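Chain IDs A, B, C and D follow the sequence of writing; residue 1 opens each chain.
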């Protein structure tokens, strides 16, 4: 590798690692805050940081993300300001959706991160339509659509995969295969391995170790390149773990015995640390400073955001239509 | 082959051929009757006779069929009386559904032929549930579910395939791949070959020449045997042609150039004739007598059924619930 | 001006709009080479190419989902659902995506999409080719529901719906696709949404209806010399309460006519809304002449559909209140 | 008698019914090992085995479709949809299959299936964990829609729904899953469908409501000494018109309360039905206190839900009519 290339790789990977640490730090902060009653609900992302950031590294800012409720690390790496995330979780008046959505339903149009819905996988046909636009308008942008392993059973997965293939669209389907759909292990979700499902649509399908940020990056990059070249969609089955519970409402002890402990050598933070250390890109001192910086950022941002007042009650009934209806106007008058 | 076996095969295949001829004869009769305004609508089955009857041959009467609007040949082979079919098409008072459904939406509970709906493929998850019952109740029966090539794009196909595989159910998914979904050729419906879609669910998938009644029979028989043995579901991609229009409302000249002519050597009637002749099971005389008998049966039955009066108007508003509602009672009083 | 039927008028609306705006994309089953099973998109693929007139695989959920994605990214998709009866696998996309994206993103994202679909009975289509499911859409906040009753309205309302900014469910009364002809202006023109039309005026009764029932009610009124207002809603949701109340205050007698089943059909809301705000003007009960609460029958469809006899029975009953 | 909450009462109904009838099969997401995200099926898989309590893949359409197929072949399936908000991909199976099979087969085939699903707001669930979609079901001929308002009713109504013969949409008001406790009989007992309960009696006003709004209305009436009937519909469709009309003839004033959006909410039909048959008894307009026609907000959900203040405003307005 050339010097320049190496230094470029270094900065890329250190940025990735920093985002992983930041995401983990934020994740833990929110989980604690939820227990303290400062946040209503949350879907932890712990265990899926490396794959999300590996995928994000393959995109430009003009590419579109149609993500899901666990994509905080991806957002952070993409440059979505942390306050966008925390304000959403708090549902305060600075939240880009004005407190209308449950926590973990992020959106940031400025960074092309589409607003998240709860019914799983229903973003996939929509992402496919967005990819149609890129092709039709020759924007050279691609669409990254994310979803979980459980989501492959949905009608929407099937519709999106087939249509993306038939229309040969620039979309990458990234399955964040964390092994569980709430209490259902992926082996009971479906018998086939997820990457093999691509063949049913004549699509390219690959499996990657989602714990390996570099592998995920490389595979996604190739998929993105192919998509930009008009070679169509790819399904990436990024295998990782859900280290935490499904959500702050979930009690995994009811259905799960084996878990991946934080700090163990399967933890993506640890794995990434090792990789970067072995390449000589980081050392313990840098790790320490990245972590303590992350903690400070998270703590500060969180407290800042916590001070922001809630949205006006009337805002809960706006934006239903471009122009409100007489029915709603009447109803809101009665309510407020 | 032993004598007994051979004679058994002969009678089986002559029965199959007779049903093919009968189906073809009836098909043409209805198409003409539709043009004359004696029938409202019809979906011709021409071209799919061999595959349907090959599959039907693999079933016992206790097995269940969750079919679709083109399954007349299968019904006839199964022993569904012709008047059940014609009365349905006419929607008269002897129709088992009392004229409530459009023509081609057959049902015959006595012969375990489930009532047909119009939205395509929505019988597939239902068939999967019926197969669950067979397994749970250890009936040793299997379920045959049929649908077209276009129907593989539906949500219901995906749901049914995955669930049948996950629950390891005794159901055979028979795709009557006639190459078209109205005006869309199967190549534009999906890029992969249909039999390969089974692998996405960890299911066994096979392709057969649906024009060959013997091949279809053998492959289906094996799938049925496996299902009875608890080895789970199979997808069979039975490739054939839609020789006619999609329906009597359709004008294929708008989208289709190549067709399979009646009497040509790809016509399943001709193919089956040749096979049976080559095995010495039929000769021209027998063919002739089977055909003229079929014509007579069809003509007679058709005229008989045509004499049956329509159902009582009030019957159009019954069986909505086990016990009618006050709303409906009131409305019907106003109507009649 | 050209005399045309509703199919031709809709085709003209699509053609003129597509010629003027390359962000308009059509998608649906059999709409391209075949021109649509009812021929509404006839000739458009030839004219605008397969990139703009897309034959899709057989998956309504995918058609609607893709249309939403197109709309989110700057296009103005118009999707055809071959029969309204087949739209239900796409209900989640319609209710949970299309209708809620503007709201849930606080206006960051909008869905300027039109879903065109033929609805209603009268073509011997039985249970699954005859449904009038407007309630499922009208009850869903965020959707705009439109239905024309004649060729000229069909053209102008479709033009207004295209790129409207909010998702529009455009219900085409297939029974009168070809049976009614009328003079239609040649160029592009818009008929505003959310405004009803009073298609006949009179003093004694207010008939509120839409779609295929407009000509049925008008014929009944004309034949029987009924001196009443006939309000053609045009936009079913949000419907034009002002025009309704104004008429009710004049006549004091109200009849709502639709093909959809009575229970929670649009007539229920219209009746409730009138009762809430014009109770004092009412001389008698608000009557509904509608389809019954049963699936749609094949052989006896004429009994399902509201007709002159049932309309006049209600009119006569209302005229007893003075 | 045991004091229990609604979750426990539902669990008891399932348990007793399953013990007595091996044709009862449960299926749904996370209902087995996990016992359901709201714990309604807790312990049942352990007791009855995974063949009878089936954890399914994540596909509502498949859950409902399979349940229909089970019902057609002699079983009595009870499917859980984790949140009512997620039922819409299964709408085609519900509307075009479950609701229409008896009709389209002229009674050859029937669908004795129960779809249980938590609905409504009050748990900070935002747009997609708070919906009250009863209109979509109640408008669909062939479906029976049930919703209990307390633990004892929950048990008796669920027992009546199991194997009822027609498909039942059993809507569980999740807000009061655990907040309300009550004495529940220990054995199996049935509360008849299609019959409302008058849960408070009085002369001046008729409040018609169901589900989670029953305690809200009762509390408002008790606190403010309102002298009125409170009718708990129990079965939403077909609802019990006799009980309603009888009360309206007594009081002359009607208030309908539900969480679902007003437009084409159940209140619309109730209002229209009353206006058609008891107009002369009415002293004033029929008022509706309901959720607004918007998606359900997260942060400000307390503004969405009908509450004492809004109920009393309507009561006071109605009391002006004499």
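Methods note: contacts are C-beta pairs under 8 Å (C-beta built on N, C-alpha and C of every residue); 3 or more make two chains touch, one makes a residue touch a chain.
These figures come from a predicted structure and were not determined experimentally.
Peer 1: Of all the other chains, whose mean CA position lies farthest from chain B?
Peer 2: A
Peer 1: From the C-alpha centre of chain A to that of chain C, how far is it in Å?
Peer 2: 40
Peer 1: Distance-wise, how many Å sit between the C-alpha centres of chain B and chain C, to the nearest whole number?
Peer 2: So the centroids are 36 Å from each other.
Peer 1: Averaged over CA atoms, how far is the centre of chain C from the centre of chain D? Could you give it in whole Å?
Peer 2: Using C-alpha averages as centres, the distance is 31 Å.
Peer 1: Round to the nearest whole Å and give the separation of the Cα centres of chain A and chain B.
Peer 2: Distance between chain centres, rounded to whole Å: 46 Å.
Peer 1: Tell me, which residues of chain A touch at least two other chains?
Peer 2: As it turns out, chain A has residues touching two or more other chains at 98, 100-101, 105, 117-119, 153, 155-156, 158-159, 162, 166, 188-190, 315, 320, 325, 327-328.
Peer 1: By the touch rule stated above, which residues of chain C touch at least two different other chains?
Peer 2: 57, 59, 61-62, 85-86, 88-89, 92, 96, 100, 103-104, 127-128, 141-142, 263, 292-295
Peer 1: So with touch defined the way it is at the top, what topology do the chains form here? Options are line, ring, star, complete, other.
Peer 2: complete
Peer 1: Per the contact definition, I'd like the list of chain A residues that touch chain C in the complex.
Peer 2: Residues 64, 66, 96-98, 100-101, 105, 107, 109, 114-115, 117-119, 122, 124-134, 136-137, 155-156, 158-160, 162-163, 166-167, 315, 318-322, 325-328 of chain A touch chain C in their complex.
Peer 1: Where on chain D does chain B make contact in their complex?
Peer 2: 25, 51, 54, 56-57, 59, 61-62, 64-75, 77, 89, 92-93, 96-97, 100-110, 141-142, 144, 165-166, 238, 241
Peer 1: Please give the residue numbers of chain A that touch chain B in the complex, ascending.
Peer 2: 153, 155-159, 162, 165-166, 188-192, 196-197, 199-203
Peer 1: What residues of chain D sit close enough to touch chain A in their complex?
Peer 2: Chain D reaches chain A through residues 29-30, 32-35, 37, 55, 57-59, 61-62, 85-86, 88-89, 124-129, 262-263, 290, 292-295, 297-300, 303-304, 310, 313.
Peer 1: Help me check something: in the complex, which residues belonging to chain A touch chain D?
Peer 2: Answer in residue numbers: 40-41, 91-92, 98-103, 105, 117-120, 150-151, 153-156, 181-184, 188-190, 249-250, 254-255, 310-311, 313, 315-317, 320, 325, 327-328, 331-332, 334-336.
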